[in-house]
Amino acid sequence: MKIIDIKTFQRVDFINITGEIEKIINDSKVDNGLVCLFVPHTTASLTLNENADPSVKNDIKSKLENLIPKNDNYTHAEGNSDSHLKSSIFGASLTLIISRGRPVLGTWQGIYYCEFDGPRNRKLYIKIIKDNDSI
Amino acid sequence: MKIIDIKTFQRVDFINITGEIEKIINDSKVDNGLVCLFVPHTTASLTLNENADPSVKNDIKSKLENLIPKNDNYTHAEGNSDSHLKSSIFGASLTLIISRGRPVLGTWQGIYYCEFDGPRNRKLYIKIIKDNDSI
Amino acid sequence: MKIIDIKTFQRVDFINITGEIEKIINDSKVDNGLVCLFVPHTTASLTLNENADPSVKNDIKSKLENLIPKNDNYTHAEGNSDSHLKSSIFGASLTLIISRGRPVLGTWQGIYYCEFDGPRNRKLYIKIIKDNDSI
């Protein structure tokens, strides 16, 4: 398992980590298999979404905030219940296919590390499973 | 990795692909393992839900539309920011268990390809990992 | 594949199953790999979230109920369309990394079985894939 550090800069921040994941898979020399990406935090997540026009990311962030605002009738004293819910909605685990030494992604897909209670220093865990039945 | 084509017919359309996935797993002759289903698009997803009464699918689609309408205060010029958010909420990657040559599903579960910005011609990627430790 | 029984006690109930999953992985003697947890029901899910302060769980449940109430303009006659939508949002499949004989989790992460239409007797399926390339 590999562990990498991710730095986030805003309370809600989506960091494109596609390049880091491609490099780790390339370095592993695994040509075919699966990669499981895992966020060991309860107010962060992973998602796949548009890598081109940044307005998509901004619309996603603002609509999420509109549905699940930071301040609402929450009881948790830390003031980040919205972040916990957003984390469960987007999910902390993401499995991708590895083919020809690369994570399989569509043309417009980027892998995003989603911060919902930043800025913080975060971790990402990466586990690659080689498919021994493929040549 | 296998790639199949999925045709969607409405802007928001949930296509039951359980039969296609069962066939691909059966053809692979893998009895035990995992299968990763992956959508290489940023306005589509995968989900598991009820395969019997179509009113469930319709209620899910209309309640989602009510929460995240097509038209809102979005800035992305393509007019499909709602579709991008719905894609991240449902998720583009789905891992299932293979047992006795079939994807493990509950009695009422179907595998759905979820279109949020159709109609379109879509792709689905399928990777099967054989469990070499099971007999 | 292992199957375990989960009992839920309320209509919406989040059961911490971390201990059960740790025990199953420990019993399997697999030190490194992946584990896929799978819910074979269409009104239940899995999620990772805070294992310490129970107010987080309560805030998540009440905000979800506020966004997707039990009673709304649904057509499905069983009166649980909200539960089906919540199940798709949180997801019925969860993949975790196994390292040193344990599921990899952050300090504050617990694995929750999420009931959205209980109380019921539920099942959880668990499949472990050993990583034969790790020592």
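Worth a mention:
Order as written gives the chain letters A, B and C; numbering starts at 1 within each chain.
Just so it is clear, contacts are C-beta pairs under 8 Å (C-beta built on N, C-alpha and C of every residue); 3 or more make two chains touch, one makes a residue touch a chain.
This is a predicted model, so every value here is computed, not measured.
Superposing the C-alpha atoms of chain A onto those of chain B requires a rotation of 120 degrees, given to the nearest 5. The two sequence copies chain A and chain C touch through a face in which the numbers common to both fall below half of the numbers used overall.
Averaged Cα coordinates give chain A a centre that lies 19 Å from the centre of chain C. The set of chain A residues touching two or more other chains comprises 34, 67, 89, 91, 95, 129, 132. Residues 32-34, 47-50, 53, 55-56, 58-60, 62-64, 67, 89-91, 94-97, 99, 104-109, 129, 131-133 of chain A are the ones that touch chain B when the two sit in their complex. Contact residues on chain A toward chain C in their complex (touch as defined above): 1, 34, 36, 38-42, 67-68, 72-78, 81-82, 84-85, 87-89, 91-93, 95, 123, 125, 127, 129-130, 132.
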